[in-house]
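In the two assemblies presented below, chain A is common to both, partnered first by chain B and then by chain C.
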Partner chain A sequence: MHQEYTIIEGDFVNAGKASSSVKKTLKQLNVSPQIIKRVVVALYEAEVNAIAHAYGGKVLVDIDSDKINMVVADKGPGIPDIALAMQEGYSTARPEVRDMGFGAGMGLPNMQKNVDKLNVTSEVGVGTTVEMMVNFA
Partner chain B sequence: MTIREIITLLDGQLCLGEQRLDEEVEKAFASDLMSDVLTLHETPMLITGLCNVQTIRTCDMATLDIIVVVRGKVVTDDMIELAEENDMVIISTKYSMFKTCGLLWDAGLKPIF
Partner chain C sequence: MFVHALEIEESSCIGCSRCMKICPTEAIRIRHGVASIQEHRCIDCGKCHEACPVNAIYVKEDDFHDIHAYPHSVALIPAVFLGQFPDEISVTRIYSALKDLGFRHVFEVETTAGIFADAKNQYAREHPDIRPLISSFCPAIVRLIQIRYPSLVENIIPVKTPLDLSAMYIIEEMKNRGVPREEIGVFYVTPCAAKIAAVKAPVGEKRSIIDGVINMDSLYNRVYKKIKEQGKNYVLKQGQTIRLSSDAILSTLTNGERRLCLAKRSYAIDGIQNVMDFLDKLENDEVEGVEFLELRACDQGCAGALLSYDNRFLCGERMYGRARKAAERERNGEVPRDREVDRYRDYLLDNAFVDAVQPRSMLVLDKDRTKAFQKMERINKLKNFLPQIDCGLCGAPTCESFAGDVVINRVGLSGCIFYQRWLERKNDITRQECLAAMNAVWGSDRMGVPPDKE
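Moving on to the complex of A and B:
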């Protein structure tokens, strides 16, 4: 099953709509609540990051019988040093992002904790792609 | 303690969740930082001063469904609408975060860590 969602820059009101939709789909497919929580927390973190830091992007979700693959690809400033961005507490978030309760430098590390595979690629001035996979068993 | 008792203790107002008033609450977590909420492995009642749609969305993702909004912040219609879809309870109190936590701690509510 393939699903696609559009991310709009700075659209915090709709941040998490893709994650909510994926949550509903996984519930209908009787995926365990523990797995659903890991999937949607990771996807939500990625969605919020794209809305907060980039100029828009796409969320692509592929659900198989045994796993889910998620790609959050944005057009944006990119990440100059991915290893640094993966460190808990490192953040370049703007004040308005922090006002929304985010931007504490916990997003990427929390994604890593919740997924079975995480791959982050980025080109400065072009954008960032976050690929995540979670096994259902 | 029950949600009904929590509302009385906090001199609070129930914004949503009347059907769950007699439900027991055992643990609570207090934070304005949604990034922290997303790291929780348990599902305590959330006490927060952050009052916007992302508070509700974050609780949905983290499977938290009882929220106490402190400092008399106004719970908006779009928050209620989203929370209603997820069968949540929202309580509003004019008390500060510190006072709210103190009263609930004294009454026996437990922390998650």
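Moving on to the complex of A and C:
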């Protein structure tokens, strides 16, 4: 099952639309609440990241009976040093983003913590792609 | 399987579908011209009861005359019951009328409101890892969380509500005075349907200790009639009126619990839709640092309850009036009589906790995930085919819920009027078949006599 959502730069109002919809689907599939929570938290972080840092992008979700694949691909500044960005507390968020309660430097580490597989690829000046996978069992 | 207090009287139901449209959990369908409730989705909130124009949805209660079977019959009334009566009828007068109606004792549920608050605070101290904690007070909310927010059931504090705590106190106190249990009949006067369902099928407990349930609106009629019959020269019955603390009086109104909880950050949210909006955010981890949630299905808390006779704001203000008087007495050093319950504090706190609340999700399409997945794909395809205008003519509240009914309950797709037209265009359906499909939902002879042509 394939779902797609569009991300618009700076549109924090609609942050969480993709994760909410995925949550509803997973509940119907009888996925355990603990796993749903991990999926939703990771996807929400990725959505917020793309909204805060990039110039728009897409969320692609593929669900089958035993796992979920999520891809958040953005057009944006890219991440020069992925290893550094994976460290808790490291943030390049602008002050106005931090004022909204986002950008604490917990995004990527939080995704890492909640998914079974995380793959971040990025090209400076082009964009970032975050691929995440969570097994249901 | 699920016990509900709301029932539909089919002979009165006109199949108008107002209840179907308003139900927050999409639990109602129209079949053969009458509404029916899907039991696994119903949370007994009573929205349908409010929306029904012909009073076809009723709240089951026990026979009032059952009270005479017990030498020690007890009316366990909620404080909002007293808030129903006009100012000139005093609390003592209402207590007295209840005794004239045959109750030997009258107690207020909120007698144990303080102990309920203590039990919740104790649980919060013992479980610092569980946050936010959600009050178990409103049974419609507990059921809502069970069916829609299964990941939050472990946040519900598994503590008995003042209703059960007060019944335990009354029974224990009487037993200590030598009254045998079988002579005590505790009758709860309920402001809502969800409380009845909670008594008849308690969550986290085997059975309730309440012996019977009487609806607040029907008891209001009896009491008011009695008071009118007795007239002005009536001599009050002897006996104590329970003097609740101001905190206890206000505990069932919105913010009533929140005021007493020892949490840094808490919210009091009333109204089913408001609660659902908040829980959706909470479930996504979008709200941080919340320690306690007071969630109520009814606007203004129990003053807005289903079986409340008077306007929720008028009732609420009367309760505030009573609470202000109680607060003044407290400032003058008078100890509220509900403190007598303190002698039973340890006993009640030792027995206050119940088993953890279990989820029973209504959303799961099939226990087998592969089958659930197949059903979901079929539902999604169907949903995208349907017109998405939620007209309700198929007898389901939304196109999405209808798609689910077709896949899961094998309801005929031709119930959709747009699908009928689509088939007609291809000459795949006869006029008779269209009519039959419509009658299956709305019953036959829905139309009256056509008006004369001018």
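Here is the rule we go by: the second predicted complex is superposed on the first by the 137 of 137 C-alpha atoms of A that agree within 3 Å, B and C clash if a C-alpha of one lies under 4 Å from a C-alpha of the other, contacts with A are read in each partner's own complex, and residues count from 1 in each chain.
The rule is simple: a contact is a pair of C-beta atoms (placed from the backbone, for glycine too) under 8 Å apart; a residue touches a chain by one contact, two chains touch by 3 or more.
Worth saying up front: this structure is predicted, and the values here are computed from it rather than measured.
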**OP:** Look at A:29 in the shared chain and tell me whether it touches chain B only, chain C only, both, or neither; answer first, second, both or neither.
**Re:** second
Original post:
Which partner does A:13 contact after superposing on A: first (chain B), second (chain C), both, neither?
Top reply: first
Original post:
A:1 contacts which: chain B (first), chain C (second), both, neither?
Top reply: second
Original post:
Taking the superposition as given, does A:102 touch the first partner, chain B, the second, chain C, both, or neither?
Top reply: first
**OP:** For A:90, select first, second, both or neither according to whether it touches chain B, chain C, the two together, or no partner.
**Re:** neither
**OP:** Go through the superposed model and pick first if A:66 touches only chain B, second if only chain C, both, or neither.
**Re:** second
**OP:** Classify the contacts of A:55 with the two partner chains as first (chain B alone), second (chain C alone), both, or neither.
**Re:** neither
**OP:** With the two complexes superposed on chain A, say which partner A:136 touches: chain B (first), chain C (second), both, or neither.
**Re:** second
Original post:
Which chain A residues come up in both lists, the one for chain B and the one for chain C?
Top reply: 16, 19-20, 23, 33, 37, 40-41, 44
Original post:
Which chain B residues qualify as touching chain A in the complex?
Top reply: 32-39, 50, 52-55, 57-58, 60-63, 78
**OP:** Would you tell me which residues of chain A are touching chain C in their complex?
**Re:** 1, 16, 19-20, 23-25, 27-31, 33-34, 36-37, 40-41, 44, 63-66, 136
**OP:** Spell out the part of chain A that touches chain B in their complex, as residue ranges.
**Re:** 12-13, 15-16, 19-20, 23, 33, 37, 40-41, 44-45, 100-104, 106-107, 110, 113
Subject >> Residue ranges of chain C touching chain A (in the complex, touch as defined) >> reply: 150-151, 280-281, 283-286, 359, 361, 363-367, 369-370, 372-373, 376-377, 380
